[in-house]
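These are the structures in question, set out in turn.
Okay, so chain A shows up in both of these, paired with chain B first and chain C after.
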Partner chain A sequence: MYKYVIRRLLFALPVLLLSSLIVFGLMRVMPGDALVALMGESGNVGQRELAKLRKDLGLDRPYHEQYLIWVWQMVSLNPGDSIFTNEPIAVALKKSIPVTLELATLAMVLGLVIAIPIGVLSATRQDTPSDYVGRVVAVSGLSLPDFWLGTLVITFAAIWFHWIPPIGYVTFWESPWRNLQQFLLPAAVLGFRLSAATMRMTRSTLLEVLREDYVRTAWAKGLEGRIVVYKHALKNALIPVVTIVGGQMATLLAGAVVVETIFALPGMGRLTVEAILFRDYPVVQTNVMLVAATLVTLNLLVDLTYAWLDPRIRYG
Partner chain B sequence: MPADTPRRIAVRKRKHVNRRDFLRRVGWGGVGATALVVGAGRAGAATPPASTYPDWIPASPKPPKRGGVLTRASAWDPPVIDPRLTQSVGLFQFAGLTSNRLVRHPFSDEAAGPSDLTLKGDLAESWTASPDHRVWTFKLRQGVKWQRVPPLNGRDLVAADVKYCFEAYAREGVQAFTFQEIEGMETPDKYTLRVHLHTSNVLFPQNLAEPVAVIFAREVLEEDGDLKKRMPGTGPYILKEHTRKVRVVLQRNPDYFDKGRPYVDEYVILSTPDAATRLAAFRTGQSDIIWLASPSEVETVRKTNPAIVVQSYHNTLAPFGLALAQDRPPFNDVRVRRAVSMAIDRQRQVDTVYEGHGIAGWGVPYIYYQDKAPTVKDLGPWWQYRPEEAKRLLAEAGHPRGFETTLFYYEYFPQMTSQVQLVQQELKKNLNIDVKITKLDYTTYYGRYVEGKWDGMSWGFQSGHAVGLDERTYHYMHSKSTKNFFRVNDPVIDELTTKLRQTPDRAEQRALTRKIVDREFDQVLRMWMPYDNGFLVFQPHMRNVAAGALRRTDGYGSPTLARSWIDK
Partner chain C sequence: MAIATARISALEEPPVRTVRRGAALWAVIRRKPLGLTSAAVLVLFVLTAVFADVLAPYDPLATQPEIRLSPPSQSHLFGTDDIGRDVLSRVVHGSRISLWVGLLAVGIGTVAGMIIGLLCGYCEGRLDLLVQRLMDAIQAIPGLILALAIVSVLKPSTTNAMLAIAIVIIPGNSRIVRGAVLSAKQNRYVEAALAIGCRHPRIITSHILPNVTAPILIIASIWFGNAILIEATLSFLGLGTQPPTPSWGLMLSSTGRAFMEQAPWLAIFPGLAISLAVLGFNLFGDTLRDAWDPKLRRQG
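Showing the complex of A and B:
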């Protein structure tokens, strides 16, 4: 098991290295830079002055030098400062990571709480109205884009209930109630999409498992339906669901960009998009590497979960 | 397995819905939902004439009340708070409240109307010019104190502070062009600042009234090396909190020199990038002020919030237009520029894209040369929609079969894309000009546009913050100016804009400005495009928040809020 984990971690290194090269290269290929964007609203900065600023920030150095400096900063866990705001990136991340983490966790929890029971219901009542409703909800979740759903939710909440989540983020520790009010709707919007894929996967794998011989045996033994479904069938049906949920993390992070913008939450998504738009190289590079590392870790955790779900799986 | 148990089969038979039933039910559901959405849309589409709302809301006759919190959901978030480094509206939506300028335009409770441009003293009590308008002497208001926060701790403002600030602006940053006009400064006493200019400029005080010319604290620059973290000033509000992408909180300055003001205790600006969320925040009372672009949007809000107060705004200028590479073929030929201009139906853009509540487009604020906003007809022969004449002129210029060109732009607001596409269609239909459009992200667009080396066309802009006559003429049109983004290179314009700076008489200034504008229109030097007027919408308890002609209360016109109060 340990050997397996170490081997997987070693495999992650070239993945991260490649990611770093891609993101570094892409940022340099894009036209314009942070200084141009910063001066954007005014437009009366001379080329000489811009050149001086670029030199001060090390943007005039050869690319390989810039890359090596950045890699060293990442390795030494000191990603430097934002070109655009001058704020240390570590500080910006410290503020934005908890927001996205809270949003993603709540979305994941809401998504699973909705998806798994409905998926089970849909599978056990195949081709009944409740199955159709479940499937329509699932297809809707897959088809409706986050930006549309989010906008609709906030607009109609304002019109019908004269209420929207309070704007102006506060941390959970400052005001738990206000914080939850701010996160519930965006998490529901984000979780709805996640629940759709999970619901469909739960339904189809459970249907498959319910047709297995050992389940038939369980029915034949006269076991209660709840025990057969939840204890014998569902656990085995969950392996592909776990894979889907693990993979959905990337979708969740992508969706967070839109949802954070609509619900005015200062998370990683907004930080990254703004940094891309304003060519804030160090921020984009650090954030992308952080996401890459998170996904690599999550994939590893998903693989390790298989062994817990199915004791026949062994890692050598 | 459960799906096959006898009980389940029986239940399924009872509840069975075949696919046809299911599709029928979903179909009716869909029709219902569509009707709901269409109904909602129709409600919004009933557009009243824009004139139903006043363009000026006079100051309240009631005695102002102290207290309360003013909140606004804002699209803008300041990238940095250093006024030397940015002229972003994100910063100046509040910098005019934390800091002062030497001179300013009137507040809404002082102004006779939206076009009142009389300069008032802000930190300066009075100002005079030498006969040749090269030396300007400003007498500062005495007893003005910096805010009681470190490192200033409430010390007196003196002339040396202003001198230091102007020198810093001239040395580096985005305001360098304006302040490099200063040859030198002296402070004969603690409260007198004498400014020597390189050349005469009767409009110099106007440049100091621009919202970006705020006086910052020398101690902060000396201690921090920049102004990115702290912003103590002399203004009515103290910057209490600035959390990027969350909020800006301003707290009443009890030591503000204008005794008794400001009236509102706290002003909170909530960073809200999404337009639908800003609207929802206004509807639910989380925001007290909102800007809406179209009459139909106002009507939609009135349905849920009938008590709102609406000011119909009327822009005095358009910041966007077609910028042509007029230093090279084919646009260096005035006949081509005129033909292109005549092939574009501006009124159609106003009527369709802006629902009739827009301006035809011009670059110099009309209030400097005439009393009423121009219509398309007032803009001269080359700005009328005359496709046949345009075709003839283009043929005369040697392009009877049209030509191919490019147009790049950044979508500052959704209507802009509609305008770009309308222009593309009309140039193809009327002149057989094939325009290849490239939509860029902001940084790419901005970098390419200001570099000024592009070919073809761009949907160009001139900075939105400035409204002063000098800025809008000399700074933006003189061939030697670094702000001349439209690449105007016309000796007549150079001569007229320079002469304007040496003309103290207001009537003569108006006449000269008229000549500059006529020349610009005749030569089609900047091909302005229609722009929205929009509406400022307030919660019913807001008082004295109306915007003047020059700037909206929610953006660069933020100093107006020093006189606003909440009637609750």
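Showing the complex of A and C:
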């Protein structure tokens, strides 16, 4: 297992390094530079001020120096200041990360709560109306845009129940009820989208496992259906589902961008969109890199969990 | 020499494969109701986009402030927006943007991914290792976030959204093609073609490529739906198609949200159009997979 962990770590590091090069390179592809673009749009900044700002932000240095400084800033958890608000990015992230984390966790839980029972129902009643309904729900989850679903949820909650999500973010510790009111709908929207792939995976792996010999033996022993499905089959069928759930972190983080914007939640997604709209490139590059690092780490953890659950992997 | 030529021509019979694939697809479409429905949705989507000028009852940009925010009626089936533009005409014309973005983004992404995958899978070695790590690095950034970052650099527009989506598509496609090439390379006929002195470009185009077209088409079909979704999301966030061009995502963002309580039809119809198109492509991708991937066909 140790060898496997070291091998996976050695794969993850160059990927992260290359990702950082891509993100850094991307931000420098902009014709001119970020500052000229930003200030040019406001139209009232002289050349001297521009040169001073460029020097202050280190944009006058050679690219490789800028890159190394940035990597050091990222590693030392001090990724500089926002061009737009002048606030340290670390402060903005400290405020926004818990929001996204809460949204992601709730969405993940809701997604699993929706996905696994429907997946099991679909598999145990293959080719019956409940299977068809389950499959249509799954494909709908993949096809309905989350921004549309979010907009509809807000609209119809307001029209039918005269209810609008409370404005002004409140942490869970300040007021758990108000906080849940703010998070439940966006998490449900995001969770519905997440549930689609998990549902499909649960269905197909369970179908496969249900045809295994040991399941047939369980039936032959006269065990109750519930025990055969939930205790014998589902346990093994859920192993590949772990990978799917891990792989969905990307969908989750991307979905958070849209859902946070619609539901006005001050998370990382909204921070990124605002930074992109204001061309606040230090914030954009920090956030994109942070997302990449999170995903690489999570994928690593998922792979390790998978190897732990299924020993054939680590010797493969 | 004659035998060698005969062998080469025997190795080059992709048309038969194509006909069989067509027949397999048609059989699945006829057998499975969802396959038929998805094919019908796609045909409807393409026809709407191609004949938008004929089908749209009004000019999608023509404003009539006196009938602003009118609910759906006989004269305006999907109602009108905040400056009196016909929503149906805008939805019909919006299909053009989606089809255009889907075609070009998936086209560029697929061709580039295919070239990279073919080269990596065929050559292997250091080039493969390096390029694959680069693809890993691109894939480490979620598609939408990468597209957002690219568009922020290039400035928001339909063309730039298209380019960004194409870049997002490349790594996944290259990986699938690479896998298919690695497996196709193991075939005896590739070894035979090498033995009789076929040159590498010829082996790649005549013997390997026909083996990777099925996975490419399946994945392209699924990506088409995703491309429509990403474009709509970018436009929704103000980073894709710019006003007044009718784009489904933009319609939801600009007027759809501002007047959603007063005029819910502004949000409902463009959203339905996106969902239907994406659903059509996702289901069609599933149908292609059922028809062309024997491993999955067994599972039903």
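Rule of thumb we're sticking to: the second predicted complex is superposed on the first by the 291 of 316 C-alpha atoms of A that agree within 3 Å, B and C clash if a C-alpha of one lies under 4 Å from a C-alpha of the other, contacts with A are read in each partner's own complex, and residues count from 1 in each chain.
FYI, a contact is a pair of C-beta atoms (placed from the backbone, for glycine too) under 8 Å apart; a residue touches a chain by one contact, two chains touch by 3 or more.
Computed from a predicted model, the values in this text were never measured in an experiment.
In the superposed model built on chain A, check whether chain B and chain C fit or clash.
Taken together on chain A, chain C would clash with chain B, as the superposition shows.
One more residue to check, A:Ile239. First (chain B), second (chain C), both or neither?
After superposition on chain A, A:Ile239 lies in contact with neither partner.
Taking the superposition as given, does A:Phe84 touch the first partner, chain B, the second, chain C, both, or neither?
Only chain B is touched by A:Phe84; chain C is not.
In the superposed arrangement, does A:Leu18 touch chain B (first), chain C (second), both or neither?
A:Leu18: touches chain C, not chain B.
For A:Val139, select first, second, both or neither according to whether it touches chain B, chain C, the two together, or no partner.
A:Val139 contacts chain C only, not chain B.
Go through the superposed model and pick first if A:Leu304 touches only chain B, second if only chain C, both, or neither.
After superposing on A, A:Leu304 lies clear of both chain B and chain C.
Classify the contacts of A:Leu271 with the two partner chains as first (chain B alone), second (chain C alone), both, or neither.
So A:Leu271 only meets chain B here.
Considering only the touch criterion stated at the top, classify A:Leu180 as touching first (chain B), second (chain C), both, or neither.
Touch partners of A:Leu180: none, neither chain B nor chain C.
For A:Ser204, using the defined touch cut-off, is the partner it touches chain B, chain C, both, or neither? Pick first, second, both or neither.
second
What is the contact status of A:Val228 with respect to chain B (first) and chain C (second): first, second, both, or neither?
First partner only, chain B.
Give the one stretch of chain B, out of 1-9, 19-27, 37-45 or 199-207, that collides with chain C after superposing.
Stretch clashing with the third chain: 37-45.
Chain A residues touched by both chain B and chain C?
Looking at chain A, the two contact sets intersect at 30, 126-127, 151, 154-155, 158-159, 207, 261-262, 277, 279.
What residues of chain C sit close enough to touch chain A in their complex?
133-134, 136-138, 140-146, 148-153, 225, 229, 232-233, 236-239, 249, 252-253, 256-257, 260-261, 264, 267-268, 271, 274-275, 278-279, 282-283, 286, 299-300
Inside the complex, what are the residues of chain B that reach chain A?
Touch residues, chain B against chain A: 1-3, 5, 8, 11-12, 15-17, 22, 26, 73, 79-80, 85-89, 172-177, 212, 226, 228, 243-247, 268, 270-274, 276-277, 279-281, 283-287, 304, 441-444, 446-448, 450, 463-465, 482-483, 485.
So in the complex, the part of chain A that touches chain B is made up of which residues?
Per the touch definition, chain A meets chain B at residues 30-34, 36-46, 49, 84-87, 92, 95, 124-129, 132, 136, 151, 154-155, 157-159, 162-164, 166-169, 207, 210-211, 215-216, 219, 225, 228-229, 261-264, 266, 270-271, 274, 277-279.
Would you tell me which residues of chain A are touching chain C in their complex?
Against chain C, the touching part of chain A is residues 14-19, 21-23, 26-27, 29-30, 126-127, 139-140, 142-145, 147-148, 151-152, 154-156, 158-159, 204, 207-208, 250-251, 253-254, 257-258, 261-262, 272-273, 276-277, 279, 281, 284, 288, 291-292, 295-296.
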